[in-house]
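The same chain A turns up in both complexes below, where it pairs with chain B and then with chain C.
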Partner chain A sequence: MSTMEKLQQLVVKVSKGRLSEAVLTPEARLNEDLGLDSLAQSELIVLVEDTFAITVGLEEAAKVTTIGGILAFVEGTVVS
Partner chain B sequence: MPETGYTIQPVDASNAAEVATVFRSVYGDGFPVPYVYHAALVMEEIRAGRLAASLAFDSKGNAIGYVSFFKCAPNPNLWEGGNLVVVPGGGKDELGWGLMQHYLQPGNLPGLQSDGIIGEAVCHHYFTQVGAVKLGFQECGLALDLLDGASFSEHRPETERVACVVQLYEQSDPQGPCYLPEQYRAFLHGIYERLRPRILLPGTSPLPRHGETVATDHWFEEAGTWRFSVSAIGEDWGMFLDRILVKSRERKAVCLQLIVSTALPCISEAVAQLRQRGFFIGGLYPRWFGNDAVMLQQLFGKEPDYEGIKLYTGVARKMLHDIRSDREAVQRKGEQE
Partner chain C sequence: MITIGAGILGTGAYLPDNVLSNQELAEHFGVTTDWIYERTGIHNRRIVAPGQACSDLAIAAARQALTASGTTPDEIGMVIMATSTADYRMPATAAIVQGALGIPAAACFDLSAACSGFVYGLVVACHAVSCGFCPKVLLIGAEVLSQVASPADCDSAILFGDGAGAVVLGAVPDGYGLLATDAGSIGSEHGAIVIPAGGSRLPASPEALAEQLQYVRMDGQQVFMFAMRVLGNSAMRVIQKAGLSLEDIDLFIPHQANRRIIEAAAGRLDLPMDKIVIDLEQCGNTSAASIPIALHNVLHAGRIRHGDRLVLTGFGGGVSWGSALVRWHSVEE
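On to the complex of A and B.
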């Protein structure tokens, strides 16, 4: 399973099934397009950290606002 | 930090009326801290040194968030962080964490000295826990069933009661020895490893044969939670406990907390009496009296919904495991007697 597919699964889980993987494009904005509020986004941080064994700082969390942004952060962090 | 698109300003007489606007946007008129709806009362709290509060404004000058620190403990230099509100749709996503971070910056708390900031992060979501841990708070305890789930009009929990993780951001070096109860020595040492260094001693002196127990209490009626802060123990300790247990049942308390000072060398025997009466460990309340305190808790309602408690860190999950084990051990002991 690719990193993007894993990430999409996490977002679907956080949305409690409200979102389908089809709408989770790299450009999709977490808040404005996907309707993930700050509580949902904090849950996504927890899942991303657990799944990819990385740590997300608050500054990174604030900067990353799209699915593609998370993907780039995860791939960059895992590789580095 | 990235460009935020908001500014954070201290609450003063010119903007205090906006506090009510922020709270109404989320809670209507139902937030259980009445002063937030009255500018004059907000200012009274601030002038009395009991409250430090700030508002966030967007670029158009609209109030979009609020955060406050207030006095909660016998120690006047310990603040509690809380009542953080972000207006729905009004702020950028990072505003909540930006508000949390605000008072951790030097100079943003009134007064010359702060021993630290204590927080009780709700466990029906991760937001506060994640933010606090990443800002440097240390997890010190877990208060089970502390709040009534029905009291949350926004982000309503799936559980009937809500647990809270006790977290501390320590800002000064502690003074004086801490006497530890032998029953929880290992548990507490695990917490102390993450705090500033202290002198830790075994609290194995006998209970006093004279004097009276000294405690202050706070009844949180909406939550059904009764909290006692015990600063001195006298010959009446056992009778004191029996009395508050009777009164707790009379007033239908759901959660009873005893926060006992670690300045008391007799703390092991004091804890033994608490355990005999069904209390189990809740954790450390650092700097509660200036010196630290150990919190023991008792629940009078249903069995806690352990599976519904969301905990961010492994530290907190281990704490829950230990606290649950202690509760069950105390219950087993009670059944055998």
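On to the complex of A and C.
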């Protein structure tokens, strides 16, 4: 499973199944497009950390506002 | 390692009469009732009447716990009061409770561990019984959080309520009572939840009051992420320490911080929601009081039977956490 597919699964889980993977494009904004409030975004950060065995600082988390942003952060962190 | 069984013999809970509803808060902050409920899982909070203090709530809950456990005041050798909103900075509110209940000479002290306070107190109390310090301990979690929630801070005001829960602890047969514990703190993150003024760092002053520093300040995102991680991790550790598995646990009673935190933590570890107590819709987050209030309510709802294994997990300011695995011993058995 690709990083993007894993990430999409996490977002679907956080949305309690409200969102389908089809709408989780790289451009999709977490709040404005996907309706994930600040608590849901916090939940997503913890799940991303667990899944990819990385640490996402609060400052880094605040900069990431789209699915593609998370993907780039994960891939950059995992590679580095 | 506990060598003599010590556990909970009886419970009590008290909530003040005044209700603070989502409707009132929604009008005050210009949000909707749905928005508040969606973010918290709370419909109403209970708020003290003017002049009502932390000890008043604690005494009412403690009387019930004494009665439920068949305990007379002279059997109590220690009174522990877990709270962040004591009557006074000195003396301990535990001593005020002792005096009001007619408990003779007893070791009375307040325990400051925020929302983890009740679990920390449970550990201290069980060890006091196990080592023979005293036959029974009165442990209370009580808070008047409405007095430290800023009327200008929506995030705090929609969460916090006032209340008290109490338990009496004493000897129970081997294999029952407190079986295992897990606790810790990350003091480097203490700024995540803090009441800045009123202590020796920043004494109460007109300047501090003008800046509203007597109210709780909370980094919501940091607290949410900490709580989501630690709730499940600590619960799993205490289960492992007891040599048990997830399937052996009958009920999880976490600190009633916020429904979203509890659900997120449970979802992260695939904990079964039907075994997790959520009891904050009508009373809000009562910090150190939330676990004993929830425990009292589920016990009286018939959800706890003799021999059941419970995991109680507190987490919050410090930042701190604590879990206790308890095998329930019904007094009737």
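Please note the rule applied: the second predicted complex is superposed on the first by the 80 of 80 C-alpha atoms of A that agree within 3 Å, B and C clash if a C-alpha of one lies under 4 Å from a C-alpha of the other, contacts with A are read in each partner's own complex, and residues count from 1 in each chain.
As a working rule, contacts are C-beta pairs under 8 Å (C-beta built on N, C-alpha and C of every residue); 3 or more make two chains touch, one makes a residue touch a chain.
Quantities reported herein were computed from a predicted structural model and do not represent experimental measurements.
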Superpose on chain A as described above, then tell me if chain B and chain C fit or clash. clash
What is the contact status of A:46 with respect to chain B (first) and chain C (second): first, second, both, or neither? both
Per the contact definition in the header, classify A:30: touching chain B only (first), chain C only (second), both, or neither. first
Which holds for A:38: it touches chain B only (first), chain C only (second), both, or neither? both
Once chain A of both complexes is superposed, is A:58 in touch with chain B (first), chain C (second), both, or neither? both
Which of the two partners, first being chain B and second being chain C, lies in contact with A:13: first, second, both, or neither? second
Clash check vs chain C: of 57-65, 201-209 or 255-263 in chain B, the offending stretch is 255-263
Shared contact residues on chain A, chain B side and chain C side combined as an intersection? 38-39, 41-43, 45-46, 58, 61
If we count contacts the way the header does, which residues on chain B are in touch with chain A in the complex? 1-2, 86, 93-98, 101, 125-127, 130-131, 134-135, 155, 312
Give the list of chain C residues in touch with chain A in this complex. 38-39, 220-222, 224-225, 228-229, 260, 264, 267-268
For a test of understanding, state which residues of chain A touch chain B in their complex under the given definition. 30-31, 38-39, 41-43, 45-46, 57-59, 61-63, 65
Please name which positions on chain A make contact with chain C in the complex. 13, 37-39, 41-43, 45-47, 50, 58, 61
